[in-house]
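Listed below are the structures to be examined.
The following pair of complexes shares a single chain, subunit A, combined with subunit B in the former and subunit C in the latter.
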Partner chain A sequence: MKTKFLWIEDNANTNLSYLMMPIYNSGKYDPIIALSVADGLHRLWQTEFAAVVLDIRLPPGNDPQWTKLYNLSGHNRGAAQLGLALLIALLRPQESEIDLGNRPAWLKPDKIKPERFGVLSVESEFEVTNKLEELGITVRHEKTAHTTPGTLLDMVNQIMQKTKPGGVLR
Partner chain B sequence: MLQSEEVLQVAKNYTPFDLPVGVYVITKDGRFVECNRQVREILSLPPDGTLDASIVNFYMDPSQRDAFYEQLARHGSQSTPLKFVLPLKVNGREKYVEDYSRPIFDDAGEVLGYICCMVDVTDEYRANRLFESLPVGAYQLDAQDKSVHANKAFARILGYRSPEEIEGRPVKDFYVHAHEADALRQLIDRTKVVEKYVSELRKQDGETIFVQVSAHKIETPDGAYAGREGTMMDVTQEERYRRIMKDVPVGLYTIRQENGQDRLVHCNDQYAALFGYASQKDMIGLDAKNLHATTQDYLDFMAALNDKARHNQPLNGHLLKLTNKDGGGLVAEVNCRALKDLKGQTIGRTGSLRDVTEEAALREKLKQLTYDFGNVLHDYTSTLLMVQLSITSALRAFHPDPFRPEVEVSVEEAAAMVAPPAARLAASLGQLLALAKSEDRAMALPAERWLDLSDALAKLEDYEQRIPTPDFRPIFLGEVAWEVQTLADQIDRKRFSRELLRQVHDDAQNLARIVHLISLRRTRDAVLEMDHQVRALREFVTADVRRREPRVVCKVARLISQARMNLDEYARSRGVLVRVKLDNPDYEIFVVPREVVRALANLLHNAIKYSWSRPQDKSPWINVRASAVKGKLQLQFENWGVPIPKDEIEGDLVFNMGFRGKLSGDRGRIGTGIGLTDARQVARWHGGDLTLQSHPAIASRRDDDYKSPFLTTVTLTLPLHEGKGD
Partner chain C sequence: MSQIQGWLPFLSEQWATTYLQILFGLMVFALGIPALAFELIVQEDVRHVVQRRWHLKVWLALVFMLFISSILFVWLLHPLQDGKGGMPAGEDPWAWKMSVAAAVLLTLVPSLTFAGGWMLFDRCRRVKVVGSVAKSLAQSYDSRRMLDESDLEDLLYLGTHGKAGRQKNMVLDVIGETAAKVQQPEADYNGSELEDLIRGIEAVLRYENQRGNDENFTRAVAILKNIWFRLSTNNHTYSSDATATLDTLKVLGIFAVKHRSEPTALIYVEEAAVCDSDILFEMGVAALQARHFFIASAALVKLESLASQILEEGGALEADEPRVQARDSPLEVKSNLVGLLAHFSAAGVSARRRALLSFETNAEYFTPTRVTAFNEAFEYHYNMGRFETSDKVFALPKLLGDDGVPDWRAGGA
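For the complex of A and B:
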């Protein structure tokens, strides 16, 4: 059975579609794509994923809480950093202004594992790395023109390596 | 008898005591011998009866009596009596008399006593004393507005030693603007009285002052102007303050905290105008809390003010959101200080307000634009990534790729790589054209098309002569290959061997494939190069928007490694070898890492970009060296390649924002002209600097021989953290 992983990325079907080819070619994974925060949350609530890779500058999608947060930033994805806000809401609910409500078992505060999450975004190391490290997320890649098609596959493999029994957990 | 004689006759019947002034006779020691009714009235003595009193008892200061008699004694028997104004004390009250005394002598010439007159001048004396001692200037002008009389204060205000220096002078002499003197005269002539009229005068030493005049008109019996008299006060300080309050282009105010309100007790008209009021009078007494846009804004402001007040500091440059009279919003910059009572309790505040609504809107717009710009550049990165991935995919269609993987295709390599397929195509096309000379085969294509193919063959055979610049040869050959392919496809295949036609077609396609490969590889190289430009520009543009990050102690080796990692792909694609050498691996600097890494990446990127390829198998190189000089870190980036002309360095032009040197576009190198400027700003912000040198790599070459390679060294200096590693 293929391993399910979630990629929350609004450009997944367009600019970044090349990154999916190595995933399909590997035959190891069953990727699920979400194009917004709301869409991503919907998927997270439906299924337990072995790995979740997400962007930082995400659109809110059809959810009033996230839309409000997005509007407060002046409708600016760069300022809103909803991907980061989503990670904080999931991993540090006490620091978040978003209430995610009744969580599925694998996302309960005492069950959720930051090692399952990775970030693929255009933000430079200095913009988000410290925040991500505080959240316990170490799998991270900065999107540049040098990014290769195999990047997403590499990231998912890294997450799987870290989360498998006896894997290297930082 | 003449009337005058008759008057004299009658007058002789009067004694001196009948005169309408006080007349009295005293002994030498001052006892009254006789006096008339006026003296009794002046001294409040019984109206009749004998006198048992001495003039000495009335002296304010009895010792004055001795001085008085000494003077009389010196005066002797001169016919003119001595005149004194004597201060007396009568029934405990001060009284002033004008006293004329004359000694009376016995036969031996000894003083027996004195015969004296006295006139009560208490009122005049007091008036005169008041006039002279007034702290305000008092003056009188005649009909020509010349000074008739002035007191000491008047003279002092105008910088003169005595009123005598002023008397007789036209009042216009003292006015800074003579027409103001005329205006005042006309006003007084018309209104008879003016009060608190402010004029600007010039003192004797040239200093100008402001005086406040209150005066009334002196009239002739028929009401004509005969002059004026009044008082004058020096109000220079008050007037200057008033004018500052009136003219200063900011709102000034004082607020006192009373009964839970922030009561506005003083402000100028500009302050009132900020809030839409016509005059400051309309605002005095208002509760200033209500001027804030929201209660939270007020509380935030007070918290900031109190925080400063605890350290006895003013609150400067604080932005306030306020509400005007009509409920409209405004943004003002406030500079103010808390007012405290003797116990140190805050009782109010005073300060200035400046309307910065437009400025704040512009700042907000700039911030928004910066964000937007950052977002656009973010999208560029995504787009560049898509282009790169698409090209990478497309390149597979042109397999096999004869070029080195992940290394930029140089002009020389490209030119060399197109030569064999061009020659092969020339050979097969030549064979085809040779066969086409036979009549039946010539029918396979219209004559002019054969001419086009002949022309294409000529181009393939001598393209190096036609195109002296190797850069353009691949594109040129690509066009020729396309032309040959198109024409060859039109040939009637029945008249030629299939193999030969296929050979021509395949050779043309192969040449076109190599050319397309070159083109795609170059496009991908340009995309990869642009990627750094876009990211660096985004970092630079949004640097001021982001909250200034804290400085931390960083290992220099780590910062270099980070910058190098960011440019690894680029260096590899350029085939540039980056050599890093640190004299001490433990060098530390106290910096904002993000800023310094950006600066280092800019310098490294430039060094890579402006490196020239080396002949044969030698890789271009960059030396990065870190050393310590006098407590400072020196990071040198040295590269071999594109020269920087002397005048661009000496004129500091290379550090100008957006400047691109005349040789920087060498071989299509792109850039924004921001990297060096940004790097120097970062260096200077951290207390360091950035310098640059460029000279011929071969010592024997002239320093303006820009066809030869130059060694360019950029030196970044930063303070070492506590001399660590020095």
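For the complex of A and C:
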């Protein structure tokens, strides 16, 4: 079956859509797009993904818990860092103030591992490196005006390389 | 009391005439102002629905009330005569009572009429009209297990003629909520109750004089996706509602490719991917014809992915992983994939390069041989009346070369 990966990014369909063309041209992956943190989580609970790439500055979407967190930050995506909050809720649930509910029975624990996640965000390395390293996420890229079309494909390839049997597992 | 008696004018003929003139003036005011506002402010489609429904009866009741008041005034509270122009009200208790009654009548009835007219006007606001149609639709379903046709007609009329954006979304939301109600697990849904409602979405978005905008199209695809998800989980993917859902998704998807923004078209591709290969094929071809290669490529990837789910036995799904069911047979999905690849092959060097990559990486889907798969695809599209596609499929072997080695630099069909 074609390898599915999830990209949680509110600009995925608009000004960052150019990152998708190399994915389409590769013929290797089936990208699924989620435009908010709530939508992303909903997709994660529905389908198994080989890789998940997400932004740090995500809108909350239609979920009261995430909306509350967003409101507490003064409706500021940069301050709320809901993408990071999602990663913490998934990878370190004991440290999270968000209750993700019961994980679907079919979703095995090893599918929610840091190796499967990548971060593509405007935050500089300096701003988020420590936090991501604490979570065990090593595939990350800073979004800039010069981000090349192949960036997303490279990130997914890196994640696949780390998670495939015989790959560089942490 | 005596002060009031002294202050109230005696109901002489002169006063009665004055009262009657005032009453007439107030009637015109009380009925005319709401009527004028109704004509000027309430949009035509809302007026149409309001007039068709119950509100006209209230309006008539108000007019009738004023009419009765006038009769009462003239025949029961008629002017008292003393032959000399009347006498002071304070000197005749009966005349005084009549004067009070006339004054109350004059004040109260037009005031009530005006208030009633204003309330009626307020109820003509679009949001309230849509809400009341939605409530009536839900009640009809609760009582008869079917949607009332006249309610449905009113709802779709409001959606079709409403302006793009908020007005159409209001109706789309009611459609979504109604579908969710009918399809809820305890509702004994049989897969045919929603056909007219679902097909109405197309009318709401594609009405020539008031087409839906990107926001409306996005809202509609979310509704259709939810409907399909519930159809799929209830094993109704071959029902008439399922056919209506797929037809609507296809028509709106193709329209979005041609006339709406790229992000909107991409959302349609994403959602169609879990339903039907036919939609992906049609959207992909439409995108190629419109030279929207990004959308065409997205459709191709989704079609490849759908093929991998259907053609690979069991796939790689976890045992109990939920999956929205597509309703394609292996032949359909394979033929649609070959058909779209044939269009890619004929759409220029770059598109052909992408098509050939697909033939290489998905070779296991074209079984037992690629030639057999091409022949099957040719017959499938030929029998579907898609001659342009079958011609392009016919040209594929030549493009791929006699030795079957794909070369995207070679000439296309």
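Criterion: the second predicted complex is superposed on the first by the 162 of 170 C-alpha atoms of A that agree within 3 Å, B and C clash if a C-alpha of one lies under 4 Å from a C-alpha of the other, contacts with A are read in each partner's own complex, and residues count from 1 in each chain.
As a convention for this text, a contact is a pair of C-beta atoms (placed from the backbone, for glycine too) under 8 Å apart; a residue touches a chain by one contact, two chains touch by 3 or more.
Bear in mind that the values here come from a model prediction, so they are computed numbers and not experimental data.
Enquirer: Give one word, clash or fit, describing how subunit B and subunit C relate on subunit A after superposing.
Expert: With subunit A as the common anchor, subunit B and subunit C both fit in the superposed model.
Enquirer: So, does A:Lys113 touch the first partner subunit B, the second partner subunit C, both, or neither?
Expert: neither
Enquirer: Classify the contacts of A:Thr147 with the two partner chains as first (subunit B alone), second (subunit C alone), both, or neither.
Expert: Touch status of A:Thr147: first partner only.
Enquirer: Quick one: is A:Arg92 in contact with subunit B, with subunit C, with both, or with neither? Answer first, second, both or neither.
Expert: Neither: A:Arg92 stays clear of subunit B and subunit C.
Enquirer: Thinking of the overlay built on chain A, is A:Arg57 touched by subunit B (first), by subunit C (second), by both, or by neither?
Expert: first
Enquirer: Just subunit B (first), just subunit C (second), both, or neither: which does A:His42 touch?
Expert: neither
Enquirer: Identify the partner contact of A:Ile33: answer first if only subunit B is touched, second if only subunit C is, both if each is, neither if none is.
Expert: Only subunit C is touched by A:Ile33; subunit B is not.
Enquirer: Answer with first, second, both or neither: which of subunit B and subunit C does A:Arg77 touch in the superposed model?
Expert: After superposing on A, A:Arg77 lies in contact with subunit B but is clear of subunit C.
Enquirer: Quick one: is A:Leu16 in contact with subunit B, with subunit C, with both, or with neither? Answer first, second, both or neither.
Expert: Once the two structures are laid over each other on A, A:Leu16 reaches subunit B alone.
Enquirer: Scan A:Ala105 for contacts with subunit B and subunit C and give back first, second, both or neither.
Expert: second
Enquirer: Minimum Cα separation, subunit B versus subunit C, post-superposition (Å)?
Expert: Subunit B and subunit C, overlaid via chain A, are at closest 12 Å apart by C-alpha.
Enquirer: After overlaying the two complexes on chain A, where does the subunit B footprint on subunit A coincide with the subunit C footprint?
Expert: 14
Enquirer: Could you list, by residue number, the parts of subunit B that touch subunit A in their complex?
Expert: Against subunit A, subunit B makes touches at 368, 371-372, 374-375, 378, 381-390, 392-393, 527-528, 530-531, 535, 539, 549, 562, 569-570, 593-594, 597.
Enquirer: For the complex, which residues does subunit A have touching subunit C?
Expert: Those residues of subunit A that touch subunit C are 1-2, 4, 13-14, 17, 20-21, 23-25, 27-33, 46-48, 104-108.
Enquirer: Spell out the part of subunit C that touches subunit A in their complex, as residue ranges.
Expert: Interface residues on the subunit C side: 262-263, 266-267, 270, 294, 297-298, 300-302, 304-305, 308-309, 312, 315-323, 354, 357-358, 361-362.
Enquirer: With touch defined as at the start, can you tell me which subunit A residues reach subunit B in the complex?
Expert: Within the complex, subunit A touches subunit B at residues 11, 14-16, 18-19, 57, 74, 76-79, 122, 124-127, 143-149.
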